[in-house]
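Structures incoming, each one as structure tokens.
Next come two complexes, and both contain subunit A; in the first it sits with subunit B, in the second with subunit C.
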Partner chain A sequence: MKEETGTSFLSFDGVSKFYLSRGRMLGGSGRQVVALNRLTLDIRKGEIFGLVGESGSGKTTAGRLIVRLEEADRGIISVEGQDVTHLKGKRLKDFRKRVQMIFQDPYQSLNPQLSVLDTVSEPLLIHRVGDRLSRAEMVMNALQSVGLSPPGDFVHRFPHQMSGGQRQRVAIARAMVLRPDFVVADEPTSMLDASISAQIFNILLEMQKSLGITLLFITHSLAAARYLCDRIAVIYRGNLMELGPADDVIQRSRHPYTRALIDALPKFGQCGETERFNTFLKAERESSSTVGCAFFGRCSIANRILCSQEVPPFKTVSPGRRVACFFAEEQGKNLTASKTCHYGI
Partner chain B sequence: MALLEVEDLSIGYRTRLGLHRAVEGVSFSLEEGKSLGFVGESGCGKTTVGMSLMGLLPRNGEVLRGRVLFEGRDILSISEEELRLLRWKKISMIFQAAMNALNPVKKVADQISEAILAHSSSVPKAEASRQVEGLFQLVGVPKERMRDYPHQYSGGMKQRAVIAMALACKPRLIIADEPTTALDVIVQAQILEETRLLQEQLGISIIFISHDISIVADVCHDIGIMYAGELVEYGSREEVFDSPAHPYTRALLSSFPTLTGNREMLKPIPGEPPNLVDPPKGCRFRERCQEASHECSLISPAWTELFPRHKVRCIRFERKKGPQ
Partner chain C sequence: MKGDKEIRHRPHWFEQFLEGWSVFWQNPLGKIGVTLLGIFALMAFSSFIPPLVNPMYHPMTGVDPEIYSSVGPSARHWLGTDFMGRDIFSQLLAGARIAFMVGVSAAFMSIFLGTAFGMIAGYMGGFVDTLLMRLADVIMVLPTLLVVLILASLFGQLNIWTIVLIIALFRWPGVSRVIRSQALTLKQRPFIEAARVAGASHIRIIFRHIMPNVLPLAFLYMTFRVTAAIIIEAALAFLGFGDPGTVSWGMMLQWVWKTGHMFKALYWLLPPGICISLITLSFYMIGRAMDEVLDPRLRREETAR
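Presenting the complex of A and B:
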């Protein structure tokens, strides 16, 4: 993206991923589900980039493609100019040392039979880093940096002896212990208490600052994204809808889907009369999955003919700001929330 | 008279390590047609309170003390058979993780009509399925989907079906335990809105249980904040949100971001809740409290009434009020 500044660290170039629905596997006619549709975006070195959307939007798929839990069907993913889309063997292993993932559910992502020490030192063993003593030291440091202190109290614990928040910290320590350049955090707080989420967010912010790690933060909450991210992209059914600096996308949203996500956030505090955008249709209208705008079926401002037939281009509306909507320029209304209104994460 | 009156309810779980005092001296009342939200971290006892109202405590759980008056009758001392008659007809529940609350090998409509038939033997089958149709309409699931199995439903539709089931016998009270936790932000907003409308239209009382204070903000008339088994603040939604008094409530509120203005650092609550097998003396929140003083470790704070519908258990307010 030439109009933007900052060095690109990771880029998606026309990346698509398809899944076959189950019918096919059972010998039926089967339907192809498009999880990602020609995703193109850049994540800059050192930033926290937010990918925001509801379940089924393809946001998790995008993360899994990066760490190569899945392979893209089309397009190129590159890291610092190097094509990593289909790496294999030793090169893939070396790549994975640089790119780590934090999963959604710390109740499932940790092996119940491994102690914290074993869990966090496993990546070091796999990548043959250091000797026993230096590995133990690296584990201690990693635990300390995620706020599990004193680390000596935690190294011999097993997952069932820890709270959800503590488990997720262990998962973060495990991702960070190799000092990766890039980390994918896939809804790292959705299984945790709301009051614990802030702790996890602050740890991620600290990681970005002190270690210079680039982060992809995947979430369904624009409020969480605004707190953590430098830039965000909003994605719906595999298609990018809106992209830009976090504050700008949220406070001056131009896409009706972004606005639906803002309307949906629960809020409290001195919110006053926050005006709603009401861009989301209660009853989904019939739409084609192959032609027209992906959001047509749910959009209250759609033009029935234009939007059902043509895919809106992902056009630049201002420097660094892109929106895939025919009516982006006409959406003048900005967010009117007060500064004392708090939103759910 | 209030529909539900809970007095000094204490509940414990027998564990290998000793008696886990999950709920300690909880009192509240709920008027007909009102909604009350219980908020607190996992392990604070909010689900245990809900389960005890349904008489559904696990085997090792035991009510140690207190009374639960529903329609004026103490439901803790009635027989299992009387309780069975009360359950679902008068008090029903929307369970946590709705996806697992439905039977996977039975059609959704059949499961709901089963609930109706089990509780009103006089209703003919045809009438029951007519009622189910009405319920589907009420919660916004298209009636073509009545004969589907749960796995054919999306998460939001399953949640709606579970709500329909809770409404099946026209109860007076519904206990909703984290009804939106596994749902997406957009579906969550729809379910919350629908719950609020249903509650207004049908005049049902609801107890809403959540770890997320932002969820109950829109739905509940009154809010109770629970910490480590105890109720620490209780009041109308407006009072609690506009002038939160307990340090824990204020800490909970400050862990949520804003969308406008400067991005201020969120201040998470440090530490972990105490072990309830051997709960600390004095105020249970004191170890994590920014404002704790030496006194907090000595005295267990009593309720202080700040306004007629707003009370708090924190020693700072006792002192301010002075001896009566």
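Presenting the complex of A and C:
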């Protein structure tokens, strides 16, 4: 399943995004927030790529840059070798036919005034696909494939007449109805309960298989990423920390931040204190946001001098496996969910 | 989906409207206002009847052949006649029709303009927003009546539709501010971003996604505009700048005054005066009741996620 080769579909090349924080309004100088810092990675054709990180690490920003809800301040985003960073006009519209997004909150991402039929057929209408009848049929098929069946029961409903899980299915149908090449799913289940989440995951998996879509799955949960993804990238405050095949990143994690995330996963069964990495500092250490490792302030294994002064290179530790830590090779302790200890989603 | 709970396929805005209406109807002010308005509507609709009964009841051209001056109420003329023997009651009915026509059409046009400009300003932001809102500020501080009076004295008698148009052109800024602030919050909502990702144009987003969400508010604001339009038309007519071809309550008052019957013929002076007061009062009460509907509902929308 996890080949090391594969043609790159979408690539980030040194992409940065800055925001001005709101302080400006109160007369103070606008503090610049670095949402993404020189992100470089490739997403391969047909894979499910997981982008993992805690809240505020820039995951959503990366997704929004791809679908062009925001524009990158630096760097290049390309799709199949074509630079799409600053597309405009007709070419942007054509691009949007191929790249879609599923949003985090299904209570907010559907227009309350539009019926399911209107919502799901809108992308078809915008891109002038088919006629009225064939569009209706495509909508029906899309609803069927996200598990809203019989679709006839749902097409005339409005968002307030559906549950959160049903709404998210409608949102997925809207993203898939154009049969895009690439879909960004931004924490699509964070507003839903666990059993519905599992169903949504399976719908995504099925659609990815049947339509051959490349999927960027954004999540804060390593366990969810492991369940769904072929490869995972872990980011911290806009910086890429670790990258590799999903199982490998979790079973043989090498970056202290990834390990801290694994520590934070809910565990079931007999999990003693020895099953923890403890790489998260209890109290944050003073650190500079401009020099040194981004994780230095919270890293328990950091070298005070080296890590606070130099940015660790993003080096390859084994084929297809890259880590941004000076001590990546020395990290011997490998923990996996053992027979007695399981990670929850 | 519960089997017993039938799902009605009604647009969300329609349900919002029904829900708002039921809250509205709880309010005594709203009830009185709507009842009063109902009576005026009835008057307006029945204004076609008197001329059919007898041509002498035509409010403009019908003259009682036996009467040459203003006389008091009788069985033949329920509210008496004016100075040349025209029936005051049928004039009053015709006046109701004109009041509705002027009020509703001016309000509709100003709401149309206000909603369009408000949505564009709020959604587009930046330069367009600044330009439209400065324009709105300038127009908002101009006294409508005075401007219309100046125009009327420059161009002579104004046609009733010209008056309606001028009132509309001067009364959109208030609505546009309200709609703009709605559009500002709407454009941050993820469903607008979802439409953008789907490739929707600005026009499409404004009309397909923003407009249905601001329309309930726009329609509720219409009632306030109706009052203003009716008062302005009445004032113009009374001051002698009305459309001489129409019978409005303001015109009736002007005839009373011009022919020197001000205090001699109360049966002629009072009915149009009372009607103007009551119709504005009814719209005012409806507006107040709507305030109470709107406020908590807007708040509920914020929290009921």
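Here is the rule we use: the second predicted complex is superposed on the first by the 325 of 345 C-alpha atoms of A that agree within 3 Å, B and C clash if a C-alpha of one lies under 4 Å from a C-alpha of the other, contacts with A are read in each partner's own complex, and residues count from 1 in each chain.
Quick note on the criterion: a residue touches a chain if its C-beta (ideal position, glycine included) is under 8 Å from a C-beta of that chain, and two chains touch if they have at least 3 such contacts.
Every value quoted in this text rests on a predicted model; they were computed, and no experiment measured them.
Per the definitions stated earlier, placing subunit B and subunit C onto a shared subunit A by superposition produces no clash, and the two fit side by side.
In the superposition on chain A, contact of A:L110 is made with subunit C only, not with subunit B. Of the two partner chains placed around the shared chain by superposition, subunit C is the only one that A:Q100 touches, whereas subunit B remains out of contact. Once the two complexes are laid over each other on the shared chain, residue contacts for A:N37 go to neither subunit B nor subunit C. Within the superposed three-chain model, A:D263 lies in touch with subunit B and out of touch with subunit C [touch as defined at top]. When the shared chain is aligned, no partner comes close enough to touch A:S121: not subunit B, not subunit C.
Legend: residue contacts after superposition of the two complexes on their common chain; A:S145 is shown touching neither subunit B nor subunit C. In the superposition on chain A, A:D153 makes contact with subunit C only, while subunit B stays out of contact range. One of subunit B and subunit C touches more residues of subunit A, and that partner is B.
For the pair subunit B and subunit C, the model built by superposing on chain A gives 5 Å as the shortest CA-CA distance.
Every residue of subunit A that touches subunit B in the complex is listed here, in rising order: 54-55, 163-166, 193-199, 201-202, 220-224, 226-227, 247, 250-251, 260-270, 280, 282, 335, 337-345. Interface residues of subunit C facing subunit A in the complex, by the touch rule stated above, are 1, 7, 9-13, 189-191, 193-201, 204, 208-209, 212-213, 305.
Per the touch definition, subunit B reaches subunit A in the complex via residues 41-42, 155, 184-190, 192, 211-215, 217-218, 241-242, 251-253, 255-261, 263, 265-269, 272. In the complex of the two chains, the subunit A residues touching subunit C come out as 67-69, 93, 96-97, 99-101, 103-105, 107-115, 122-123, 126-127, 153, 156-161, 171, 174, 178.
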